[in-house]
Amino acid sequence: MDYLALYVTLKLAFVTTVFLMVIAAPIAYLLAYYHFPGKSLLEALVYLPMALPPTVIGFYLIIVMSPKGFVGQVWGSLTGGSLLFTFLGITIASIIYSIPFAVQPMKAAFSKIDRRLLENAYILGLSKRAAFLRVIIPNSVAGIAAAAVLVFLHSIGAFGVLLMVGGSIPGETKVASIAIYEAVETMNYSAAGMLALSFIPISYAFLLLINKLNRDSLS
Amino acid sequence: MTISASIKRRLKYYDLDLSFTCATNKMMVMIGPSGGGKTTIIRMLAGLEKPDEGQVIFGDEVWFDSERRINITPQKRRLGYVFQDYNLFPHLNLLDNAAFAAVEKKEVDDLFELLKISHLKKRRPHMVSGGERQRCAICQALARHPRLLLLDEPFSALDVVTRRGLREELKSLKGRLSCPIIYVTHDIHEALFLADEILPVVDGKIDRGWMQRTITREPGEAVQAKGAREPRLSLVY
Amino acid sequence: EKISVAVAANFISAFKEIAADFETKTGVKVEATFSSTGNLYNQIKNGAPYDMFLSADEQRPDRLQKEAWTEGTFIYARGQAILWSANKDFCKAATWQDALKSNQIKKIAIANPVTAPYGAAAKAALQKAGLWDALQSKVVNAQDIAQSFQYATTSAVDAGFCARSATVSPQAASGCFYNVPEAPDIVQAACIAKNAKNKKGAELFAAFLSSEHAVQIKAKYGYR
Amino acid sequence: MTISASIKRRLKYYDLDLSFTCATNKMMVMIGPSGGGKTTIIRMLAGLEKPDEGQVIFGDEVWFDSERRINITPQKRRLGYVFQDYNLFPHLNLLDNAAFAAVEKKEVDDLFELLKISHLKKRRPHMVSGGERQRCAICQALARHPRLLLLDEPFSALDVVTRRGLREELKSLKGRLSCPIIYVTHDIHEALFLADEILPVVDGKIDRGWMQRTITREPGEAVQAKGAREPRLSLVY
Amino acid sequence: MDYLALYVTLKLAFVTTVFLMVIAAPIAYLLAYYHFPGKSLLEALVYLPMALPPTVIGFYLIIVMSPKGFVGQVWGSLTGGSLLFTFLGITIASIIYSIPFAVQPMKAAFSKIDRRLLENAYILGLSKRAAFLRVIIPNSVAGIAAAAVLVFLHSIGAFGVLLMVGGSIPGETKVASIAIYEAVETMNYSAAGMLALSFIPISYAFLLLINKLNRDSLS
């Protein structure tokens, strides 16, 4: 079994989940609590990565992240390096690819917060920002957990996008799903099955963790 | 500091339209029939709702002025508000709830002592009785050192004995808090005991005759006629 | 009347033109499914109702013959690997080997040699030139040959092994390429299902694939 | 039908341990200090919580028996319960809330009339005042034609006049409902006016002396000593 | 532009969303309210389709749905037809592929329902089932809307799985994302871009609809 690929996969899923929780929370908050012109359009844009086939997302990401692309140029002039075909590159791709799965459950959770709790927070002098951190977030743990589960598992399964942006470099960007793909393509079905089965305990362990965090925060 | 308000607001079945003033160390008690507009008035003072017209002035700060389009946020008003349906934060235990915006955390312990819920510090709101939740909400509001205290039926879930005790405490606190207090209650004894001024609110207006009509047998309308049949209260000091 | 054909993705462009021609000439409609060879093979093994299979390799049609899905295979095209770059300076070196040795070259794309026949051919050429081990750290794997070309056209890599057919596309004009004779031809075989719904139509199409007309189209797209 | 209960339950600061009986057409009023266990008792009668030991028997049905391991679900007990914190359904308007489990939808209109909230039928719970919500919760419970009615401080958010009126209605309803009613209140007048029997619950036990101690000046402990300083109530019939 | 493919895509996304809402609700309820041995394992299984690369899911679906596979056999003996390469087949594939996105936000919403509302429902004589339909569902609209958005968009973007199970038969199983795939494969980037862009108004219209339903149910 390709342990190195499995390791890269877990690292990627973990990093993506952590970053995305931080990035998605303010976006979800904006969508849940504010009304502004073009809001639905922004929302549609946020969800677009989900509606597009991974190869298409990958294609556009290559264009912007390549040394001649906008992001690639900025990055190159700052660090001298390239984004494509690096772990950082696939992390960014994976974050963009999974944004909708983080934003949507969080938005649903935020919008269910009892308005009266927020009113009390304002009365107690909390700014909107502080109320978000101290009241909305802790009372949305279930939704945030849902988001984390979706993002984590989705990053494990991400493959089309990562294959394109990552270039399948062992130890750096070759993730387990690429290994499975190779195994299936080369008719090595038992290896594919083995790798696929290895995802069950991983998902299982992650779910146990999230459920535990969720429960702890409630009791 | 003195809070003075003069507010109008169109509601579905009547219009709110009244003015009042309440000075530091004074307690104004609002009383009146259910649905009469007391909670709505309190919410407007707190900045949670906007009057259609009028002013709310606190000392030399203008909190609300419909003509000058001033409307200060609740945060900046720095007041204490015990909601009618005690909005404690469900994710925090009682102590953390009370200390949520406390000026000095140490004081919270004293407040818990005063309100007799020290033994419940570590419980979450859904694990305590209605009266206990209410007392925690009072701690939360007081710990903030408010410049104006709004209490919307804060003792409604308490038994007579506890209530009497707390009523006393509140009365003696009044001097120390040095802020205006506006208190909503349905309990006429409480009103008479606590109030420096009583503001009877009936269908959005001040109706100075309401107390009299309610306490005495004077049969104003059907409800009261019925009410009059029950044992009458006479106040013996 | 119609036939349904499973076609390896690298042959899409040529196939569409040939099929259109075939339809006007014979009136038989051609319904095509494009996907990776491995994917199509899996579908067929599990009962996909294709009349015909145009693979990107020889190996899978052979297997299908062993598995008695088909009675015989034939070669319908030979592809060639080339080395393409978006940077025209790249082609100033005498040979593709020299061009790749330059320090300017940071990343080289090849199709995944494990899954794509073109990748395997490119790898063989690099090995023959003795460059495979030296260039290991610069090699980037693409899912298939089309993606390798995408990397090259978007300048994500400095050069990429592509299919000759790619040079026909409008994007190719902006760059330059070397032929890579060291890479073995990619032999693309096809076969007709034994139980095809429209066996006659399929046979007709198979014949049409080697007609002069089709050979011209194939040549235009870089197949022999 | 008669409800009789004999229940024990270990709580953190004291143990609940009491027995009582209440017959059809009778009203038993539970009264006592906040946190004394009244809501917990009501919840055990409703089947929402389980006593550690004891029985709850309704007529010839056994609702709960710790020894025989019987515990009938709340659904099967068919009772009406007005919660202390009026749990109306936020997604329904007041009318739909009251009609939620009504035996006859037409009756709901009459109940709204009786409780004086007919004009609010189409409003959602968060759009009405605390007292109005409470009255809707009473409609909801009555419309179900319960076999046992549990009222946990149902009038706590109502003004004296409305309260007196409803109290009268409830008293006259008692005969028509033909079911036992258990009523929790902190209002001593209400207790005296409504009760066929008063059950003072202090720290989980029945304490017959509590009412007496509370009403008269008898100084039992510090709180009461303070309480005694306030105007005393004398009951004049 | 390939309007037929676009039509099939929308039909598929719509059918998938409707069916999945019905299928996922009881599963989410089970996961939110019951404790039983092996619950976390069941949950991990439900979420597995997300963690697996689409091609792998497609691969296994082909195996079970082929006339020789378990499901294919049962279906064949019942109807005489085949599941693979039919609209029904890709609908099933799409449902399985999107199950996690339906279950997770619903579970989060269900578990946030105020317990006291349920208690009141039981008191009022509602069975657990009735309470689920009349109290939990209407008070979880935000979460259900989140699930619908995720499922709908995810089905639009589904591609790897559908290509394998569906075989790209025009008007039957050829969805828009496959057309995009073909455009990208033939280096026809402008056509790919056009099709991808056409997803924006579709996602946008769907979001507007869901947001409207969500708001209506709240006011």
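Each chain gets a letter, A, B, C, D and E, in the order it is written, and its residues are counted from 1.
Quick note on the criterion: contacts are C-beta pairs under 8 Å (C-beta built on N, C-alpha and C of every residue); 3 or more make two chains touch, one makes a residue touch a chain.
What you see is a predicted model; the values in this text were computed from it and never measured.
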item: Chains touching both subunit B and subunit E, listed by label; value: A, D
item: If a chain touches subunit A and subunit B alike, it appears here; value: none
item: C-E against D-E, pair bridged by the larger set of C-beta contacts; value: C-E
item: Taking each chain's C-alpha mean as its centre, the one farthest from subunit B; value: C
item: Maximum centroid distance from subunit A, chain identifier (CA atoms); value: D
item: Gap in Å, rounded to a whole number, between the CA centres of subunit E and subunit D; value: 47
item: Centre distance in Å when subunit B and subunit C are each reduced to the mean of their C-alpha atoms; value: 80
item: Between subunit C and subunit A, distance of the C-alpha-averaged centres to the nearest whole Å; value: 35
item: Subunit B and subunit D: spacing of chain centres that average the CA atoms, whole Å; value: 25
item: Touching two or more other chains - residue numbers and ranges from subunit E; value: 55, 59, 181, 184, 189
item: Interface hub residues of subunit D, defined as touching at least two other chains; value: 85
item: Multi-partner residues of subunit C (at least 2 other chains); value: 39, 42, 150
item: Every chain pair meeting the contact rule; value: A-B, A-C, A-E, B-D, C-E, D-E
item: Interface residues, subunit C side, partner subunit E - complex; value: 4, 6, 9-10, 12-13, 16, 31-35, 39, 42-43, 46-50, 144, 146, 149-150, 153, 166, 169, 171
item: Complex interface listing, subunit E residues touching subunit C; value: 55, 58-59, 62-63, 65-69, 72, 82, 84-85, 163-164, 167-170, 181-182, 184-187, 189
item: Residue ranges of subunit A in contact with subunit B within the complex; value: 114, 116-117, 119-120, 122-127, 134-135, 138-139, 141, 217
item: Subunit E residues within the subunit A interface of the complex; value: 40-41, 43-45, 47-48, 50-56, 59-60, 100-101, 104-105, 107-109, 111-112, 142-143, 145-146, 149-150, 153-154, 156-157, 159-160, 177, 180-181, 184, 189, 192, 196, 199-200, 202-204, 207-208, 211
item: Sites on subunit B touched by subunit D in the complex; value: 13, 31-36, 39, 84-85, 119, 128-132, 135, 153, 156-165, 167-168, 186-189, 192-193, 214, 222-224, 226-227, 229-237
